[in-house]
Structure formats: C-alpha cells, structure tokens
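First chain A sits with chain B, and in the next complex the same chain sits with chain C.
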Partner chain A sequence: MDVRSQVSMVFHLDKCIGCHTCSIACKNIWTDRKGAEYMWWNNVETKPGTGYPGKWENQDIYKGGWEKDGDSIALKGAGKKKGLLNIFHNPNMPMIDDYYEPFTYKYLDLIESPASDDQPTARPVSLITGKPIDIKMGPNWDDDLSGTPDYARNDPNLEGLTPAEQDAMFQLEKMAFFYLPRICNHCLNPACVAACPSGAIYKRGEDGVVLINQDVCRAWRMCVTACPYKKSYYNWNNGKSEKCILCYPRIEAGFAPACMHSCVGRIRYLGVILYDADQIESAASADESELVDKQLDMLLDPYDPEVIKAAKANGVSDSTINAAQGSPTYKFVKKWGLALPLHAEYRTLPMLFYVPPLLPVMASVTEVSKDQNDNLNPIAKQWTDSWLYDTSTEELWGTIDQARLPLKYMANMFGAGDESKIKGQLQKLMAVRIYRRWKTVGDISEEKVNEVLKDTNLTAELADEIYNLTSLAKFDDRFNVPPAHREQAIEMLEFAGDEKGSTGFGIKEKVQRGL
Partner chain B sequence: MKKQNFQLIGRNNNKGLNFCALFFIVVSVLIIGNSVCYAAEADQHEGAQYFNQVCSACHTINGGRLVGPDLVNVQERRSDEWLGQFIKSSQTLIQSGDPQAVAVFEEFNSMVMPDAPFTDEQITAIIGYIEVASGGGEETVGDGSEDAVDPEVLSEEAALIETGAASIEKDIILGQNLFQGKIRLQNGGPSCISCHHVKNDAVIGGGILARELTTVFSRMGEPGVRAILGSSPFPVMQQAYLNKSLTDEEIFAIVSFLEQADRDHMFQQPRDYGVKLAGTGVVGLMVLLGVYSVLWRNRKTKPVNKSIFDRQGKSQ
Partner chain C sequence: MEPVSAFVNLYNNFFFIALPYIAVIVFLVGTIYRYRSTSFGFSSLSSQFLEGKKLFWGSIPFHIGILVVFLGHLTAFLLPKETLLWNSEPIRLIALEVTGFIFGLSVLFGLVSLFIRRISNARLRVVTSKMDIIVELLLIAVVILGCWIALGYRWGSSWFAADLSPYLWSIVKLSPQIDAVSAMPVVIKLHIILAFIIMLLFPFTRLVHFLVAPLHYIVRPYQKVVWNWDRKAIRDPNTPWSPTPPKNN
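Moving on to the complex of A and B:
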C-alpha cells in the first residue's frame, strides 16, 4: 500500500445557480493577462450543451485522455510514438475558435467621440489582434440555452439516448438544464503529465496539485490535446501552457481556492483524501463498467490504523492525516457515496467529484393521466393538484427513472455510461429530501420515511449529517485545507540551513546610539 | 577702422611666419638631401628593418628569385620614381599600362604584390638599403639572401627539413589540422581556414575572404610560402597575426600540408555541389512537405462551431 494524500474537491450540482462568480474570481486573480484572456481555468457550463471549448467531451474530435490498450492503457492522442510523429503539428489540438476569440469594447469611444448626429458605440475589438471584430463566440455562449439545436442537441452526452428520449428532453415544457462548473480535476492519472514531451508537468507530492513548470515548458501543447477536460491552455503571448493551479499559494496559506471561496451557492467542498497509489494502474485500466467503483476503491479510510501507519511510513504528516479525517470530500465521496467523478471513462482518475443534480426530478411528472389532465389549468398550464408530490417510494424511484434529464444522460457524464452507477446517488439525495420534508413539513408518514432510508442504506443520523453539510455548512466545514508543510517539501530540495541567520528577525540598519 | 588695421597687421605677421616655416623646411630638406651620404649608415639600418619585415617574404637581394624577382641592383634597371610607385601600389601602375610593370607582373605568374603601408621616407630608405645591399659587398651576398627571409626561421626550418627527411605524414596531418583549426595555433592566431580554402578531400568549405591556396606551393615555392607564414606582407594577414605569430613547427607543418595539397590536388575530388546543393534542398523540401501533407492530413483545421459561425452575420 502506497498511501498518498490528495487535495480533492466536491461540487454539489444541486446547489449551483450558474452565477459564474467562481469564473470571475479565478479570472481576476490568474488569467487577466495578455495571452490568457481566452482561458477560463474555471468555467461554468450549461448542460445539456456543448461547453467550452466546443464539444470538449467529444474525444473523437480532440482525442484526449486514455484508452484501453490490452491490459494497460495508452494515451489516445499523444504518448511516445504518436506524440513524436505528431509533435510538429499536433492534429487534434483545439483552435482559438473552438474556445472563442477574446474581445473587449472600445469603451473610450463612448465618452471621447466628437459630437455628431449619431450616438457613439463601443465597437468590439479582438484582444488578440487589437482590431475590430464580429464577436462569434464567448466562453459561456450557450449559457441557459437548453434545447437549442446548435448547442444542447449537440451535447456529446446524448450518445446512447434514443431520438424519442432526446426529443422528450427538449420539449418546451419539459425542458430542463443544470450547470456544470469545471476546474482542473488534478487527476491521479493525469494525461497531460504523461503527454508532455518536455516533462514540464508534474503532480505535486504533498497535495497532488498538478502544475506546469513554466521554466521547462517548451510549448509543444501536447497537454492541451491530451487533457480530455481541455483544462490546459496555451498562452500565445509567452509561449507556455498554463492551467488551474488550485490556487496553491492560497492553499499553502490555509485559504480555500478563489473559486471555492467566492462561491455564492456554496456548492464547493475541499479536503484531503488518502489514496493508494499502487492501485492507480489497475484502476485506470479497469473495464469501463468497473471504472467508477475501482477509482472509489482506491480512496482509503483515514481512520483505518493500517492506512494511518502506511501513510506515516510514506511521509504523510500527522496534520495531513488529521485533515483527511475531517475532510468533507471524503464524506461525500466515500462515506455517503453521493459524489462521482466526471467522465470516469477518460481514465484519468479525476479527483474532482460531482454530486449529481436531482433538481429536475422534484418537478417532474410521470405519465399524464386523464384525471391529471383534468386538473391542468388550460391557460396557465400549471397543475392545480398536489398529486405531483406523491412520495410513495414506488412513485418516488419511478420519477428518478423518468426524470426530465434521462438517467442515461446523467450516467454518460458521471457513471461512465452505466445508469445503475448514478441511480443510487440520486435515490440517496431524494431520500434525504423526503426525510427532511417529514421533519420540517410533516406531510409524509414516518413509515414511508423509514422505508425510504432503509431502501438507500441511510440512517436518520446519516441523513441529518448529509443535510447539515449540504445546506448548513459553514466555511470551515466546507473547506478543510491541510497545513501545507512547504518547509518539508523545500528541505527535500535544498538545505534550509543556508538561510539561517540571513533572514528573519533582526536589525537592518545599524542603531545610531549606545556604545 | 583701427581694429581692421590691427587685423591686417596680424595677417601680415602670419604670412611672415609661414614664409619662415617654408624657408626652414626647404633648408632642412636641402641639408638632409646633401647629407644622404652621411646618413647612409642609419638609413641602411632602417631600410633593412623594413625590407626584412615585409619585402623579404617574396624578394631576395642577390639570393635568386623567390615569389618575386631578385632585387639585386634593381635601381640600375628601374628609376627610383618607378620603384617608389610600384612599391606604393603595384596594381595602380600595372593598370595604368606601364609596360615594364605589366611585364614583371606577367613574368611572375600574375602574383599581386600587396600595397605596402610605407611612407615616402620609408620607401626611400628601403630603396637605399637595396642599393647598399646589392652594391655593398660580395661578401654579404650569401648572408643577404638568408637575411632576407628571417635568418633564424630559415636556418631552423632547414634543420627540420634535413633531419626530418622532408615532411612526413605526421606533419601533413598536423598541418591539415592546424589549417582547419582542429588544433589551435599556439600563439592564438586564427586558423587558415577562416579566410583560405584548399581543394582537398580533407577540407570542407574553407573561407573565401582570401586567396584559394591549392596551388600556392607551385606559385610561390616553398621559401615564399614559408616567408609569408613567417612574416606576412599582406596587410590584413599582418594585422590578423599581429603578436600572434606562428611557431616554427606550425609553419613547417602547414607548409608540409600545403605542399601535399598542391602535389595531390589533381587527384583530389572534393565534391562541389554548387547550385545542385540548393536545388537538392528545394527538392527535399518539396518531398518533405509532400510527406507531411499525407502524414498531417488529419489535422483539425476547422473549428467545431464552423457551421454556426458561417451563419452568423458579418459587419463587413
């Protein structure tokens, strides 16, 4: 057992309101520079939709991530042979138009234009060429646009859905969407690291943050191609690739990353998870049906004495183990089994987990029967009856199966295509809601609630725990940032004694008094 | 008015001074001219120094032909004025069509005699030295010829040649390496290849700043080549090897190499691609581009949202 620590993240999609505050916080700190204007280390996508860069999930276009190669795995678009052959043209790399051409407006024209018959306008200008452009695209161009033929219907996750199912998704009154905020997943088996011909990308030992060494990067851009989440970006101005750094300067100082800190919906959780690095290869090269399970199996119980012993032997500090024990992400992912990795089929073992959204289910309906139709207000097209909230378990789990966003669609995103993987998670979320409704509203019988909890292997205490961390969590509950121990990491590289006596407390200018 | 007068007076004074200076100069020139015989000893010494430094690389006085003609009693064959012009700039004289100059030039393989960086006085001194040295004494004839080519160098090299049974393979290879700069010259001088080329299998792409040296050995002969290496008469080469003179061993090795290059150059066929090289490059590029266009045909060249962009309105 090779125990290592990873700062992992959980995004609770039911809580995301799609306000893009996280994106702006990140942009203001990190990517507000020449050459980085088009980068959104954090972005929020509307699903169903094609996302940013366009159709990034379609690996037939971008050839990102890993694919199974016999018993092991190989990079889909890069790697030693393919990488060398393609090193000078990098065939599957996204172009700037796949992201969007960054722009600003000539605001000064509004106030500095001479008097004339026409109102001055602020023309858009490209941030790349500096010339006026027609804006073609933006980073969230399809924001809130569910059902559009160009975006929503081109969502790669619709694969495997029948045309009827797809049509059902986009019927005017049934249409639903949710938001998918994305940052770098800081994967356990990062394709970007494996693809880099210069060896510039590395996964930091102490917290698993994946970083690009800007001194070593030689602009091959293989990471841009290899990352299936398209979260490595090329800075055309300084000729280096850049990516989300999980705000490591903030983490080292004990703060949550800027996107998480600023999150309005409080959807983001951060904490340490211990994992067994020996299992990386077997987990990454598992059969598609086992991918999610095997990845979750790698994550270790921080209370297990064996794990603690092995972690200590591996140099994981006590404070990090302590942080792992209080980690909110461990609870969501392992203890409660609510969060799942995004697109486990890319085999990068992402360490950003998502609690899938249940939201559309609550307003969803089963087949509309005749008597229900009678209750439909012909003008407002709203059901006047309260039958909607029939929470008998039979009906309940039925609604999940017939959710407005089909299970298959969700499974394509979070379950490597396997509906059974995601169903349990949604049921648990539903069970907690029913439990809370019984507690706060009281229109559901206790037997039903107990039945629901029993069905989902939850107890009242667990349901309360989930409810608390989901709805009432304070700052310190959501972010359990481990102490950084940079001093130890530095001591591995250089002799800290050299600095002794030359820094720290002392007198800089000689005192002009006394003897 | 008064002021103007002052100025006039001043001018007159100046003129007076100029006349004074001219007078003194004329007088001193006359005195010097008259006293040539008295100063002969000093002149001879000075002239000898210049001669040995520069001229002796190619010329002897009563020592036989070297690269250029033997200069013994040259003043009897040519006027001092002609000699002065020729020494100053032989090519100017030749191009002006002077029959004597052209004849000499052609007689000696059209070897260009470099323009000497001498003042008129120095030229006079050199001519004076030649006069003295040619008429001066039968007894110095033998020494004179060797004096001309830096006596120490010559004697040592002569010794080398005698003991080493002319140049052996080792020397040729050493010379070749020195020529190409594979071995640095001991005193830090630039290697020959920086400016010169030799047609030889071993040498690829020598410099084109100076003469091509393949047949230098037959053109100048061994003493000539050695003398040029010892103390070059060419201004650029002089400057290049200022305080960085070649050692005797190096001269011997390079001379050996040049001799071998001259001897063998008929059999050496180093490839000269010329225009073909550029042509091959262009053809190679076309082939490569062809290969790449096949290899890279799958490159993503269209944005995924092209169909959307195509439908969008354009302002221009």
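Moving on to the complex of A and C:
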C-alpha cells in the first residue's frame, strides 16, 4: 500500500446557480494577462450544451485522455510515439477558434465620439490583433440553453439516447438544464503529465496538485491535446502552456482556492483524501463498467489504523491525516456515495467529484386533488391554487426514471455510461429530501420515510449528516485542508498580489515571450 | 605584398578564422547563459494555436528537411573518410546527392510557406518578432545557396568531406588552415559565412528550441510525481533540517 494524499473537491451541482462568480474570481487572479485572456481555468457550462471549447467531450474530435490498449492503456492522441511524430505539427490540437477569439469593446468610443444623430457604439475588438471582429463564440456562449439547436442539441453526452428521448429533452415546456463548473481535475493518472515531451508537468507528491513548470515547458503543446477535459491551455503570447494550479499558493497558506472561496451557491467542498497509489494502474486500465468502482476503491478510510500507519511511513504529515479524517469530500465520495467523477471513461482518474443534480429530475408541477391540498402542512402551502411542486408522488422512485434529464444522459457524464450508478445516487439524494420533508413539512408517513431510508442504505443520522453538510455547512465544514508545513515549504510562499500579471511563482526573471 | 591580395587576405582571415571563433564562442556562451539564467524564454514558440492548416505545409517539410540536411553535413564533417568511401561508388554518390538535394528543396519549400504564412496572417503578425524575420530570411538565403551549390558545384558531399571537413577540423584544433576554403567559389564562401552568422545569432533566436529537443521523453516513465523532500525520511526525527529549500522539478 503506497498511501498518498490528494486535495480533492466536490461540487454539489444542485446548488450551483450558474453565476460564474468562480470563473471571474479565478480570472482576476490568474489569467488576466496577454495570451491568457481566452483561458478559463475555471469555467461553468450549461448542460446540455457543447461547453468550452466547443464539444470538448467528443474525443473523436479532440483525441484526449487514455484508451484501452490490450490489458493496458495508451494515450489517445499523444504519447511517446504519436507525440514525437507529431511534434512539428500536432493534428489533434484544438485551435483558438475552438475556444473563442478573446475580445474587448472600445468603451472609450462611447464617451469620445462626437455628437451625432446616432447613438455611439462600442465595437468589439480582438484582443489578439486589436482589430474589430464579429464575435462568434465565447466561453459561455450556450449559457442557459441559448442557441439550443446549435449547441445543446449537439451535446456529446446525448450519445446513446434515442431521437425520441432527445426530442423530449428539448420540448419547450419540458426543457431542463443544470450547470457544470469545471476546473482541472488534478487527476491521479494525468494524461497531461504523460503527454509532455519535456517532462515539464508533474504531480506534487504532497497534495496531488498537477503543475506545469513554466521554465521547462517548451511549447510542444501535447498536454493541450492529451487532457480530455481541455484544462491545459496554450498561452499564444509567451509560448508556454498553463493550467489550473488549484490556487496552491493560497492552499499552502491555509486559504481556500479563489473559485471555492467566492462560490455564491456554496456548492464546493475541499478536503484531503488518502488513496493507494499502487492501484492507479489497475484502476485506470479497468473495464469501462468497473472504472468508477475501481477508482472509488482506491480511496482509503482515514480512520483505518493500517492506512494511518502506511501514510506515516510514506511521509504524510499528521495534519494531513487529521484533515483526511475530517474531510467533507471523503464523506460525499466514500461515506455517502453521493459524488462521482466526471467522465471516468477518460481514464485519467479525475480527483474532483460531482454530486449529480436531482433538481431538474424533480422539477415538475402537478395538479393535486382537493383532498391532498387540504392535508398539506401550512408551510408547504404556498400555492393558492391546487398546483404543487411535485415531490411527494405515490411512486417515490418512479419520478427518477421519468426524469426530465434522462438518466442515460447523466450516466454518460458521471457514471461512465452506467445508469445504475446515477440512479442509486439520485435515490439517496431523494431519500434525504423525503426524510427532511417528513421532519419539517410532515405530510409523509414515518413508515414511508423509514422504508425509503432502508431502501437507500441510509439511517436517520446519516440523512441528517448529509442534510447538514449540504444545506447548513459553514465555511470551515466545507473547507478542511491543512496549510503547508513551512519546514517542507512546497513551491514558495509569496504574496500573490506581487505576482499578479506574471506567469506565476518562483520565476525570478521577467516573464516575457522568448526571442 | 600587393594591396589587393592583402585585402583578400584580410577578408579571408576575418570570415574564415575570426568569424568562426566568434560564432562558436558566442554560441556556447550565449546558449549556456540563456539556458541557465533565463530558461523561461526557452520555447519553440509554436504558433499552431493561432493558425494550424498552413503550418502543416510549412513546418513539416522544413523540419524534416533540415534534420536530414543537417545530419548530412554533420556526417561529412565528423566522418569524412567514411563519406568519401561511401561516395567511391557512383551510384551511392548520386543517391546521396539526390537525397540531399530533395530534402534541401523541402527545406526551401517549407521556409517559403512559413514565411508567407507569417506575413499574411494578422494573428501571426502579433507573435512575430524582428528576430523571427531575420532568422527566416537568413535560413532562406542559406538554403537557396545550398541548393545552388548542390546543382552547380558537384559533388558537394565529396568535396565537403575532402576539403571543408579538414578546414572545420583545423578550426576545432585551434590551428586554422584556410587555404582550401579561400580558394572556393564565392557562392560556397557565402554559404559558409551565412552558416556561421546563423550560429552566431543562434542564442538570440527561437532556434534554441533545437537544443532542448525532448529526446529524453523516449526513456522516461509516463507519470511524474515530485516530492520536495525525501518522503520516506521526512518524518524521521534524525533527518537533518536543511536551510535551503529544494528547487522543485
């Protein structure tokens, strides 16, 4: 057992309101520089949608991630052979137009244009050439299902859904969507690391953050191809690749990453998870149907004395082990089984987990009978007419199967295609709701509630725990990562403000394009 | 001594003794200094992200061609006897020359496509420096001269090995013998001079990415995990504390 620790995030998608505050917080700190304007280390996508860069999930186009190669795995679009052969021209590299051409507006024209009969306008200009452009794409171009025929309809996750199912998803009355915030997954089997010919990318042993050494990157651009999440970006100005650094300077100093700290919906949880690195290879090359389970099997119980012993022998510090024991992410992922990795089928073993959203599943409005209406607890009775936001149908589990976002669609994202994964998880979320409804509204019988809890392997205590961490958690409950040990100072502790506008920490020379 | 021949002597001494030494010294000192102190600037500065279609028709013929042509020159320089031996058989000589010439043309084709691509695309002009243009033009000039020589002054692979290799070795051995090179036609002389100028400018251009070609990728394991400290020792109370933090990576 080779115990290592990983700082890992959970996104509770039911809580994301799609405000993009996280993206802005990240951009303000890290990527408001020339060459990086188009990069959104954190971005928020509307699902269904094609995302950013367009259709990034379609690996037939982008050739990201690993694929099965006999008993082992191989990089799909990079690697030693493909990478070195394609080094002069990489056919699998996304282009700037797959993301979007960064732009700004000529705001000054609004003020300085001479008086005339027409309103002055602020024309958009390219941030690359400085010339006026027609904006064709942006980082959240398909926000809130805009342009559905072109975007949501082309979501790669619709694969495997019948045309009828797809049509049903996009009926105007039935449309539903949710938000998917994405950052680098700080994978255990990172494709970006494996694809880098220079060996500039590495995973930090102490906390699992995946970083690109800017001094070693030589712009061979293979990481951009290899990362299936398209979270390694090429800085077109200074010729270096860049990616999310999980705000390691903040984490080392005991602060939460900017995206998490600013999250309006408080959807993010950050904690330490211990895992067994010996299993990386077998987990990454498992059969598709076992991928999720095998990955979750790698995560170790931080209370197990064997695990603690092995962790200590491996140099994991006490504070890290303590944090792992109080880790909110461990609870979501392992203890409660509520959070799943995004696109496990890319085989990078992503270490950010998502609680798939229940809300669109449930969001149907039904007419209730007079009887039912009269029986309702006054708290629930906000409707003067007899329409009810339907969460108490007789067939409790039935609604999940008839979800407005088909289970298959969700499974393509979070279950490596396996619907049963999503179903069990959504049922748990539902059970907690039913339990809470019983407690606060009281229109459900105790019998029913017990049955529901039993069906989902929950107890009243667990349901309360889940409810607490989901709805009431304070910042310290959501963020439990120990600051770095000074004596083991990792990269370097510097003041982020001093480094703003530069490429990062630890670089003493002026950060500029090479000759 | 007559004034004309004195001038010619001066000229030959400068271009074939002084220039090579200056070029080699600047190349060595320049690249080592640049690598050690300003490694951030070491990059191939790929522009594929901004334009990828035309790049294919420029980058591939250029890079493949220059690799072959460079290796050819290197072989004739390092192994002149073997090269001459190879060329002793006319078929083999012609095969070598034809191959070299084809790859020379490929370099030329690539360079010209790259040049047109650079200056005709508004996005690319933003990431094009003066040095890029200078290097590009110098390379085009060298390659044109090279192709001209291959056609007009046969058989280059043989006389390179016989006459130029000894001259280059005499430079290496610090006792320059420039008689042979001084007697060469002016086209060949220009080719040599331009080559030294490129060597001289090398550390100040994007060409440095050639020196960091990622060959070690072939042997390294795919995954890379970096610990700042020896993780097995860090919790051992006997591990001495070190005042200098390790440099990561």
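Simple rule for what comes next: the second predicted complex is superposed on the first by the 454 of 515 C-alpha atoms of A that agree within 3 Å, B and C clash if a C-alpha of one lies under 4 Å from a C-alpha of the other, contacts with A are read in each partner's own complex, and residues count from 1 in each chain.
Assume a residue touches a chain if its C-beta (ideal position, glycine included) is under 8 Å from a C-beta of that chain, and two chains touch if they have at least 3 such contacts.
Source: prediction; values computed, not measured.
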Fit or clash - chain C, chain B, common chain A: clash
Partner chain(s) touched by A:N92 [first = chain B, second = chain C, both, neither]: first
First (chain B), second (chain C), both or neither touched by A:W220: second
Comparing the two partners chain B and chain C, which touches a greater set of residues in chain A: C
Contacts of A:M137 with chain B and chain C, given as first, second, both or neither: first
Which superposed partner A:T129 touches (first chain B, second chain C, both, neither): second
First (chain B), second (chain C), both or neither touched by A:K312: second
Contacts of A:G54 with chain B and chain C, given as first, second, both or neither: first
Superposition clash, chain C versus chain B, among 170-178, 206-214 or 224-232: 170-178
Interface residues of chain A shared between complexes with chain B and chain C: 89, 91, 93, 95
Complex interface listing, chain B residues touching chain A: 292, 295-296, 298-301, 303-309, 312-316
Touching residues on chain A, where the partner in the complex is chain B: 50, 53-55, 58, 61, 85-86, 89, 91-95, 97-98, 132, 134, 136-137, 150
Partner chain C, residues of chain A touching it in the complex: 79-80, 83-84, 87-91, 93, 95-96, 128-129, 131, 189-190, 193-194, 196-206, 213-221, 224, 234, 236-240, 280, 312-315, 317, 487-492, 503, 506-507, 509, 511-515
Of chain C, residues touching chain A in the complex: 37-52, 55-56, 59-60, 62-64, 122-123, 125-127, 129, 131, 204-206, 208-209, 212, 214, 216-218, 220, 222-235, 241, 245, 248-249
